[in-house]
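Note that subunit A is present in both complexes that follow, paired respectively with subunit B and with subunit C.
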Partner chain A sequence: MFEARLVQGSLLKKVLESIKDLVTDANFDCSNNGFALQAMDSSHVSLVALLLRSDGFEHYRCDRNMTMGMNLSNMSKMLKCAGNEDIITMKADDTGDVVTFMFESPDQDKISDFELKLMDIDSEHLGIPDTEYAATVKMPSSEFMRICRDLSSIGDTVTISVSKDGVKFSTTGDIGQANITCRQNTSVDKEEQTIIELQEPVTLTFALRYLNSFTKATPLAPTVQLQMSKELPVVVQYLIADMGYVRYYLAPKIEDDETAEAA
Partner chain B sequence: MGIKGLTKLLSDYAPGCMREQKFEGYLDRKVAIDASMHIYQFMMVVGRSGEQQLTNEAGEVTSHLQGMFTRTLRMLKAGIKPVYVFDGKPPTMKGGELAKRKDKREAAESALEKAKEAGDQEEIEKLSKRTVRVSKVHSEEVMKLARFLGLPVFEAPCEAEATCAALCKAGLVYAAASEDMDTLCFSTPKLARNLMAPSSQEKPILEFDFDKLLAGLELTWDQFIDVCILCGCDYCDSIKGIGPVNALKYIKQYGNIEGLLEHLDKEKYPVPDDWPYKEARVLFKNPEVVQTDGLTLKWTAPDEEAVVAFLCGEKSFNEDRIRKQLADLKKARSQGGQNRLETFFGAATVKSSTVGKRKEPEKGKGKFGAAGGKKSKGVTKRKF
Partner chain C sequence: MGSEKITSHFKGSKSGRRSSTGKGKAKAVARVEDDDENTEEAKYLSILKTFDMTTKYGPALGLTRMERWERAEKLNLDPPADVYKILTEHDEDGKFTECVWERMV
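And now, the complex of A and B:
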């Protein structure tokens, strides 16, 4: 039996919006630890990892570890039927083939039950090592979203360079080029801050298409954190207050030196 | 060609070994392609109307080049790294099969003459497809084109699919790509089908995993080869009356062909007089292949001028169109290569849902589509 009640139901709606563009079908892992997911896009260039810790739910029960396969766009269709103020409860039997979403309006005068058919799917998981990153940038998530959106109207890739002065986003396209630099900024308002922690300067290039889909998580958190190391995928993290996180990994573009490598 | 009824047998008895993959999912993957087989396909379909094929001004057929060019560019743009392998000499054992094909072709040719007299357009198209013949010149032209496009090209000492399998076994490529199911008999760890299908058909890549195949059928490699020989392969005849399902059943029951022959009712199932199944086994187990030790594969940028000179100069392709396609490719390449996450984090492990219903493989896709998926659930559990 799995049961999880989330008072702030809109959170689940937002979580789903943040992953459904990247992944079509995914396995959700339910355990005592919480409600989690790891999934890759179809070309295996990016990965999303979600964790909603059990203590973040008002009520959480998971008798046995379960892996539930769902079609995310269908799940999103159902969650869209929940009001933004609704309390959402997820329920599933250990052996059943559906998951139930129950929506309760805040004043308890309307209760809806939606049953989603589960799918038995194979998903591919990567073992991601814990690493120290050479550069960590914390910045307002809305600012990051804006930059990615703006640059993708000019070019297809963005080069992110982090130095101790700031973080620079640049792109080149057919019509010209663009550079945006955000300086370290420790303003009083925490949500407005741009903070850079640096072991050594890093420069990496990424496909903007993926970064743009990561920024669908912007409503989840006021701040986004980018972690980069030379020749490693970037980690783009949105912390969900008192609950967990949505984390994205994206493989960098590499210089094609025309002579290819051995397999 | 290939193994008769193997796809259906696998979808019924070892559905776990088949997986549909998106074309984009092959990004940054190296794939060994059985080019000879594909040339044949292209000559049959690309640009055909009735008996007419694409030709240049001199009347030489160019369907194979058109097909190879567009499909190769599609792969390169998607970041796939193809290696082309061409057939060398056919194994002598294949003589019987080749003679049969020749007979069929000749029969088709004479039927074609009749159809032409009768003016039956549909028949003409159908029959002229059967008269397609791939000559050495066609292969060499495609080889030339592939080299100009900067791809590694191999001429296999013998069958191309055997070399594809060997490259895959050596870890030089991710998968062998062929529509020919006997590639699996050469124990290629992964076989990819539909990789060269036209984008308009939107066919997903159908991937076969050899280890899962053996596990699913509960056979060893040797036994699997015996099953395939019984199903009917290119190298020798099969026993009349024994189809794929019985082949699997008997090999499981008796262990191998020898065991089966001891128990078989030879009245009911006449065994061919001269049946070289042992030799066929050797061909599958120890085929002549390209030496893979110390081999490295290199991809380079396409030589635009050479491609244009060859396709447009010699073969009357439209220069604007070729240049535009090459420019698109160049643009895609200029944005740098894109690695997969596995490059950094190591291979993925597969995790299955613990609840919910398994989606059945899609049905009715082409002649060899994964038909009969529904039946599979009950049948796989049946004990022989």
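And now, the complex of A and C:
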């Protein structure tokens, strides 16, 4: 038996919006710890990891570990039927082949339930090693989204260079090139801050298409955290308050002259 | 310049596709199971141990787990069905049939 009740139902809707563009089918892992997902996009270049901790739910019960395979666009179709103020409850039997989403309106005068068929999904679970990253950048998530969007109108890839003064996003395309630098900024308002923690300067290049998909998680968190180390995938993390996180991993582009320069 | 795969950085292992045994209806819901026989056994033993520790099914010492399960069933205490299943599947092995304290006391 799996049961999870989330008073702030819009959160689940936002979570799904943040992953459904990247992944079509995915296995959700339900355990005592919480509701989790790890999935790669179809090209196996990026990875998304989601965790909603059990203590973040108003009610959570999971008698035994369960894997629920769902088609995310179908799941999203159902969750779109929930109002933003609705309370969402997910339910599944240990032996059943469906998951039930129940939506209660805040004044309890409307209750809807939607049953989604589960599916068998072959998936690969990747072990992500704990790494000390050379550079960590925290910045407003809306700013990051804006930068990715702006740069993708110029070029296909972005080179992110982190130094102690700031973080530079640059791209080159047919029409020209663009550079955006964000300086370290410790303003009073925490959500406006740009903070750089640096062991050593890092420069990596990524496909903007994926970063743009990652920014679908912007409504989940006011700040985004980028973690980078030379030749390792970047970690783009959005913390969901009191609940968990959505993390994206993106492998860097292999650029022969770039790596020669760096070496 | 090419895109490197994320799998060249993080090592993968298959998961999720394993269907639970038995009931055909359960096909779509795959249990998280490990390929390793030993961890499977450890999981079963842990379920049985939890059963032993559940005081509501009555004293555990001096009778087999199956006897205790049947007594609980007779008294309508609703003992877990998976315990019964594990016990019937492993009715030869002392590790499974006897409660955890049997050899310590």
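FYI, the second predicted complex is superposed on the first by the 255 of 263 C-alpha atoms of A that agree within 3 Å, B and C clash if a C-alpha of one lies under 4 Å from a C-alpha of the other, contacts with A are read in each partner's own complex, and residues count from 1 in each chain.
Rule of thumb we're sticking to: contacts are C-beta pairs under 8 Å (C-beta built on N, C-alpha and C of every residue); 3 or more make two chains touch, one makes a residue touch a chain.
Please read all numbers here as calculations on a predicted model, not as lab measurements.
Asker: Consider subunit A as the common anchor and indicate whether subunit B and subunit C clash or fit when overlaid.
Answerer: After superposition on subunit A, subunit B vs subunit C: clash.
Asker: So, does A:H125 touch the first partner subunit B, the second partner subunit C, both, or neither?
Answerer: both
Asker: Can A:S46 be said to touch subunit B (first), subunit C (second), both, or neither?
Answerer: both
Asker: Determine, under the contact definition given at the top, whether A:G176 touches first (subunit B), second (subunit C), both, or neither.
Answerer: It touches nothing on subunit B or subunit C.
Asker: Which listed stretch of subunit B (145-153, 163-171 or 343-351) steric-clashes with subunit C in the superposition?
Answerer: Once both complexes are placed on chain A, subunit B clashes with subunit C in 343-351.
Asker: Under the contact rule defined above, give the subunit A residues that sit at the interface with subunit B and also at the interface with subunit C.
Answerer: 27, 40, 43-47, 65-69, 92, 94-97, 117-129, 157, 205, 207, 232-233, 249, 251-256
Asker: Using the touch rule from the top, collect the residues of subunit A that touch subunit C in their complex.
Answerer: Touching subunit C from subunit A are residues 27, 29, 31, 40, 43-47, 64-69, 92, 94-97, 117-129, 157, 205, 207, 232-233, 249-256.
Asker: Looking at the complex, which residues from subunit C come into contact with subunit A?
Answerer: 1-17, 19-20, 23, 25-32
Asker: Please name which positions on subunit A make contact with subunit B in the complex.
Answerer: 27, 40, 42-47, 65-69, 92-97, 117-129, 156-157, 205, 207, 232-233, 249, 251-256, 258-260, 262-263
Asker: Across the complex, what residues on subunit B touch subunit A?
Answerer: The contact residues of subunit B facing subunit A are 19, 22, 24-25, 27, 30, 79, 81, 171-173, 296-301, 333, 335-346, 348-359.
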